[in-house]
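Right after this note come the structures.
Here chain A shows up in two complexes: once beside chain B, once beside chain C.
== the complex of A and B ==
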């Protein structure tokens, strides 16, 4: 049984996982859907109530029913590097590739349905709340008056994107920034704006979830740090990430979150306040982990490799058939 | 409790449903996400473990928690008609709007997750097979050799898109067409191609599913019809659609299908062969129904209105939380 990794060629983080899989002698096929109709080919036949499908990459053939797991890491858009790329070819290729893979019995990290849903920030905040994770007061609005009123109640504010990275090519991360309550919020009318009460933090926390495993890292805010450096990704700090323990109440909340979200992998960002409370900021279902592993020495790549290699169903997975009917009719 | 309809202004099919809802005096808000940051505005606040959100359209305000159901009919891309449209604004607006709506307790026709998954043709074919619905032998491939070999076994062939409509603006339907087994299949290497055994049909069947209700219509193939007119959408036929009964085995298969797919609405296309067997061709989760209602007089719009208006949870819905954990942590 083979592990299928969907990612770009330049993905060094995936390389770390491939090394671990190779050491365990688990068969791996790695391909970028962007190479479809070039070095990647596919075929699947439905006949007499059965399905037989194959993928080929660089001349290596693997059966769809021989897939143990699929790691959707950083795949390119299907057929993006075809000789004559087009929106139509990408759509046809996406439907063919993912449509076939969705019918395989493979375990997913992460299932495309779960991954897509998990990207919605408002949905994340609501789920975190229901799982008992503290969420800073947050407003998403196109009403200037609502923004002004919120800023009156929560004068220490940050603004951040509702979605994630700016979809330019290559995508650009948009930093979280402080915003003064005296700001003229009139422009809110021109685009949904996410305002959040700033957490006066003493540390940033990154909690990486791989199946049942929780690996937490903490980066202390150094004394005298500029309070305007809100976004740890852009802050100039010599302080490394260090391994951290996870308070039981947070562990329970995070486990409930990934189970409900159907995620096998999630990178949670928290801010730790002066009381030691972990405030939920977001859960990135495809968050990077290499920089954490480098700083902390935590075996994240190995843990992912073990999850992908495991022959049994292990992590939480979203149901293609929520009520089990599908299984009953198989 | 309000019914929210997401669709374009010109959608006359939605008008039919709105008329029924108005007759029942059920409050309706209809809006096009394309009008976001113009005549449509939104706001939602997460604070102290709760969420309060609102939508406004043309000055009418509705609370997110006051939504009874959401009908995703033919919505435009969010903020597409904003004063300064951009991919970034569309992404931000989509995340804000659908992210908030996903956190509502409303029933969906159809839930965005279910809708997206239901579009994958290979997934459709596999699910139909598992639900006991006969599927014509089908090949999806980029291997010319596989196409030739399949054509050898199934010389009476049609070719159709793997996805659906061509994504030009406005989208263009690509007809299903016959293809000779002597075709040079070399071009298959340049894009996934769907080949299917042609069903020698005596009728086309359209089965519209609305919650638990099945409404079937049949259009007989007239004697002497051109066998190259495979695609009923493009065939010149004076024969109308007429109401039809549904064989129990088909009804059971279709019910299993929509339950497993988490669909509250689905437009199934079947081809009826000389033996009376219904061959599954596809299930379009957002298929048109107006033309069927006009021909047959079947009350599809009214049935949809009743489903949307029902205060209780009625139709099948996909679980945002497949294993029920989410509910347990609420």
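== the complex of A and C ==
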């Protein structure tokens, strides 16, 4: 049984998992849906009450009924690199590829339906609340007056994109940024705006969830750090990520979250305040993990490989401590 | 008419990171010029930042 990995060629983070699967002698087919009708091909036939399909890529051929799992990592848009690409061809290719894969018995990391829903940040915030994870006061609005009133109640504010996406025309980054309460909020009318009470944090936390395993890493805010640099992704810091333990109440909330969301993988971002409270910021259903593994040495890639290689959904989870956190993280 | 959040946008540098490795379709991983698997060189990955939480932002929502 084969593991199918959908990602771009340049995804060196996926390589970390491929290496682990190779070491375990688990068959792997890696392809980018963008290469459909080029170096990637597919075929499937419904006849006599059954289905037989296969994919080929780079000289490898795999039957769709021979897939044990599908890892949706960083796939390109289907047929984006076809000889004559078009939105129509992309939709046709997406329907053919994902439609056939969804009919297989393979396990997904993550299932496309769960992934699509899990990308919505407002949905994330609501689910986190229901799972008992502390969520900073947050407003998403197109009403400038609502923004002004929110700033009056929560004068220490940040703004961040609702989607998490960065504009590409021209390419710009939109880091989480502090907002003065005296700011002119008139432009809130021109796009949904997410304002959130700033957490006076002493550390950033990245909690990577793989199946039932929790691997947490902590990056302390160094003394004298610029308080306006609130986005750890863009703040210059020599402080590395270090392995961290997970408070039981957080572990319980996170487990409830991934169970409700139907996720096999999630990268949670928290901010730790001066009291040690972990404030939920977001959960990226396909968040990066290589930089955490490089800093901490935590076996995230191996844990993903083990999950993908498991023979069936009913099999036991890899060994974990009774509280579910990885021993290496504590 | 610019949305409020874009008032906080920053220009980004060259997104095309020159990487000293290429994809090997036979091995299904990226390899360095000497044939080693690039993912095994953690010092290199740290230097290039290709596994960081902003590396996927150009084409994907998930950092």
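Rule of thumb we're sticking to: the second predicted complex is superposed on the first by the 307 of 330 C-alpha atoms of A that agree within 3 Å, B and C clash if a C-alpha of one lies under 4 Å from a C-alpha of the other, contacts with A are read in each partner's own complex, and residues count from 1 in each chain.
In the analysis below, a contact is a pair of C-beta atoms (placed from the backbone, for glycine too) under 8 Å apart; a residue touches a chain by one contact, two chains touch by 3 or more.
It should be emphasised that the depicted structure is a prediction, and the values quoted were computed from it without experimental measurement.
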item	value
Touched partner set for A:161, first chain B, second chain C, both or neither	both
Which superposed partner A:177 touches (first chain B, second chain C, both, neither)	second
Touched partner set for A:95, first chain B, second chain C, both or neither	first
Which superposed partner A:251 touches (first chain B, second chain C, both, neither)	neither
First, second, both or neither for A:10, with chain B first and chain C second	second
Which superposed partner A:259 touches (first chain B, second chain C, both, neither)	first
Most chain A residues touched (candidates chain B, chain C)	B
Which superposed partner A:286 touches (first chain B, second chain C, both, neither)	second
Partner chain(s) touched by A:139 [first = chain B, second = chain C, both, neither]	first
First (chain B), second (chain C), both or neither touched by A:119	both
Shared contact residues on chain A - chain B and chain C	119, 161-163, 166-168, 190-192, 194
Residue numbers on chain A that touch chain C, as the complex places them	9-10, 12-13, 15-16, 18-19, 28-30, 39, 58-59, 74, 76, 119, 147, 159-168, 170-175, 177, 179, 185, 187-188, 190-194, 233-234, 267, 284-291, 293-295
Parts of chain B lying in touch with chain A, wherever the complex brings them together	36-37, 41-51, 53, 56, 79, 82-84, 87-89, 91-100, 102-103, 113, 116-117, 119-127, 129-132, 135, 137-143, 146, 150, 161-163, 166-168, 189-192, 194, 256, 259-262, 316-323, 325-326, 328-330
Residues of chain C touching chain A in the complex	1-12, 15, 19, 21, 23, 25-26, 28-30, 37-40, 42, 45-46, 49-63
